[in-house]
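Below are structures written as structure tokens.
Look for chain A in each of the two complexes below; its partner is chain B in the first and chain C in the second.
Coming up: the complex of A and B.
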């Protein structure tokens, strides 16, 4: 598996798109830091961007790489290699190269603005960790969609839909539910609803760390008591971890059953 | 040696293979049949890329079900060669060697044979279809495995390369290897194969030597013999 990972990774870091992605983050962070002139505020603004954009990029790169390397995958399948190592290797290659773009792209500007001297270093690290988790989760989801759909257009459409659903539509439905049933105690519903969407989970995790949960009123307080402490943070990370592991396991399972 | 028993495969509505039973020993066996008769599916079943619905395949007395190590014994030439575009021919050769865990194999002889040295440092997406096929052939013949599966090896080759290919197959045959070839070029098949197997609608319609086929169909010409099977079965 490590060999396949190595080759996919090299193949990707040689591609133009990885650099465009890296440059985008470099530019974005420098501009935010320049405009805010405050690392803490820049982290909050960045969070809003990352929570939507990282899943989108993970989705698009994942599905594109899957279809792009399909013929080559068939060549690999005829070699004495285990199926799961081929697919997991390629998947990890994509996710790791994307995560690396994210880490370097955000890291360089923040470090040069004196991140290590500031108090927000842990918030920043959490932002990076959550961003990497989202990359792994959404790349895995789109890889699964690729494995399930022979038709490129369909596969591409489905993965964009999944992203759109989790990034936008889910929140819409969620908010409507909260509005309609506003007279009832909804704390549990809200907690459960958050768990089922990795983007929301990531958002809550970062919001709580940044100590602006007071803005969320009573629900914010419930969240604070649930996710806020050290054990809550671990729990939320654990759920994010499950969100990453389940689709990865599904890649392995689907790949072992598929005809090529 | 490859042993196939009662092989069935269906893709959705389309029942591609309907009970293939065959024992493939050393020598060149050409798999023939009209388009969509299941030749490639059969090859892919042997390689474990397609999972049969029913039946059993053994390669060198080893059941291949859910195994991958047996593929060390097989060299496969896929029908359409598509390689990662970002890398050069030399890098690809190095990579396949690395993935197969045989770094010591020497490809210079084959490089010279196919005159591929000038392309070594070119990227694969800049190569013509025929040159890509030569690279594909090089990667297939490089590893000297006891079983060779060639799916449409003649595609895109110029006459000079075709002669080299025939010579290569002849050499490998002399080493006592098991070679499976699918092709629609009848003169090529006639020249290289010891035996042919004709698949029609997912079943083996004929297996034997070319002269046996000519006798059975009462034709003097191989191409006409094959055509007569097709016409008889579609009439």
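Coming up: the complex of A and C.
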């Protein structure tokens, strides 16, 4: 598995798209920090970008790489290798290289603007960790979609739909539910609702760390008491972890069952 | 026409004045080797209008009752109340208290112990004092025409129920409160049933509840003050005809923090103030004919939260810069006016170049409308979905109040000193 991971990883590192992705983050954070020197504010703005863009890039990269390396995968399948190690190796290669672009692309500008001296270092680390989790989650989701659909167009369409659903449509449905049942106490419902969407969960985790959380009022206080402490952080990370592990396990399961 | 009695009164007071003018004020010194070793003793023995000069040192005394017109001065004397109760109690007119450092006022849950209490007195001056480790700082009750100048009050309050106020006025009129610094008490400055007071150039910081608090007080003027990191900067309740000019409200940040909290306030003016980094800039409830002009709202969570039952308020010529929400509004229009402001999120155009946008601006975003109806929806703050619905609502308003808009939004940031 490690060999395949290494191969995929280097394959992607050498590809143009990783560089463009890395360059995009470098540019984005340098411009943000250049426009306002306040690292805390830059973290907030970055959060907006990361919450939307990281899942999208993860989804598209994942599905693209799956279809792209299909012939190579079929070649590997002919060799005496474990199926799970082939697919998991490829998947980990993609997600690791994407996470690396994210970490380096955001890390270099922030460090050069004095991240280590500032108070927001933990917020920034959380941003990076959450961003990496989102990469792993959405790449895994798109890999699953790839495994389920031979048709490239269908696969692309589905994976974009999944992203759209979790980034936008889910919130719309959720918000309508909240408005319809506005007369009832909804704190628990909102809490549960966010757990079922990694993008919402990631957004709220970062929001709670920033001082903008004061705007969240009573609902925010409920969230803070749930996610705020050390145990809450672990819990939230655990949920994100489950969100990542479940699709990965599904990749393994699907790969072992699939007829090529 | 002056009556005979009034003339008689005038002559009488002239004579009194002459008598006092002739009588020379004695100066008594207090120190460990002086004839008077305690302040209480000196006050007791002094004649009216004498001056008591307290030499540097620490005096452990409490309940020093000043019942005649006196001037008490010191350079660096410290009076230690030993947590026994009040330190100075003034019950006479024309008393001046200058330059003392007062420490260790007793805490009581039955009586409001104060470092300096003024009771039913006129023409007092309390200046250049420093108060530390206090329950209440300066407590003025049923007094008139006094001055509280340049005092510094450093509290250690943590919670509301066991802390007192820095400067408290109760049934006291025509008091001037200027150049004071108050931190970490319950209410920095608290006025109850106090009219015609001037509060200027004070700084209130890090107070547990309010920087400045008015209850049932009318015709007061607040100017050039700073309120930073309090529970709420200024709370005005059940008052009318107030004026607040040139104040700064900053960093009053927390889940229930406000720059200014108005409740049942009528005929009041708030102008030329700066609201920066507050969770809510101004929270308005049941207030009528209040004028908000030439204020700057910068980077607040909510710039203005109008909670309803507000009639005929005027919000004009203000700058709204980078607030998460410019306006939250409940209820009907009620002849409130939001015209001629500058909104940093305004995206209209000005074809005839007269500096006024040609498209009306709607300060209430759909999301703030939704949050107002369903508070839990606030967890969608900064999600893509919310940005999308806000955008679509901006293009074609459906839900937000139809007539709530700025019909003449300014294209440029308003310069307050010129127009």
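In the analysis below, the second predicted complex is superposed on the first by the 259 of 260 C-alpha atoms of A that agree within 3 Å, B and C clash if a C-alpha of one lies under 4 Å from a C-alpha of the other, contacts with A are read in each partner's own complex, and residues count from 1 in each chain.
Following the convention adopted for this analysis, a contact is a pair of C-beta atoms (placed from the backbone, for glycine too) under 8 Å apart; a residue touches a chain by one contact, two chains touch by 3 or more.
Since this is a predicted model, take the numbers as computed values, not measurements.
Superimposing the complexes on chain A yields a three-chain arrangement in which chain B and chain C fit side by side. Looking at the shared chain after the overlay, A:259 reaches chain B, while chain C stays out of its contact range. When the two complexes are overlaid on their common chain A, residue A:200 makes contact with chain C while staying clear of chain B. By the document's definition of touching, of the two partners only chain C reaches A:47; chain B does not. In the superposition on chain A, A:121 makes contact with neither chain B nor chain C. In the superposition on chain A, contact is made by A:182 with chain C only, not with chain B. One of chain B and chain C touches more residues of chain A, and that partner is C. In the superposed pair of complexes, A:26 makes contact with neither chain B nor chain C. After overlaying the two complexes on the shared chain, residue contacts for A:103 are found with neither chain B nor chain C.
Smallest inter-chain Cα distance, chain B versus chain C, after superposition on the shared chain: 36 Å. In the superposition on the C-alpha atoms of chain A, no part of chain A is touched by chain B in one complex and by chain C in the other.
Chain contact summary for the complex, chain A toward chain C: residues 44, 47-48, 51-52, 167-169, 171-172, 174-175, 178-179, 182, 186-187, 189-190, 194, 199-200, 203-204, 207, 211-212, 214-221, 223. Interface residues of chain A facing chain B in the complex, by the touch rule stated above, are 3-4, 7, 11, 14-15, 69, 71-72, 74-83, 257, 259-260. For chain B in complex with chain A, the residues that touch the partner chain are 11, 44, 47-51, 68-72, 74, 76, 78, 80-84, 86-87, 95-96, 98-100.
Interface of chain C with chain A (complex): residues 253-257, 279, 301-302, 324, 370, 373-386, 388-389.
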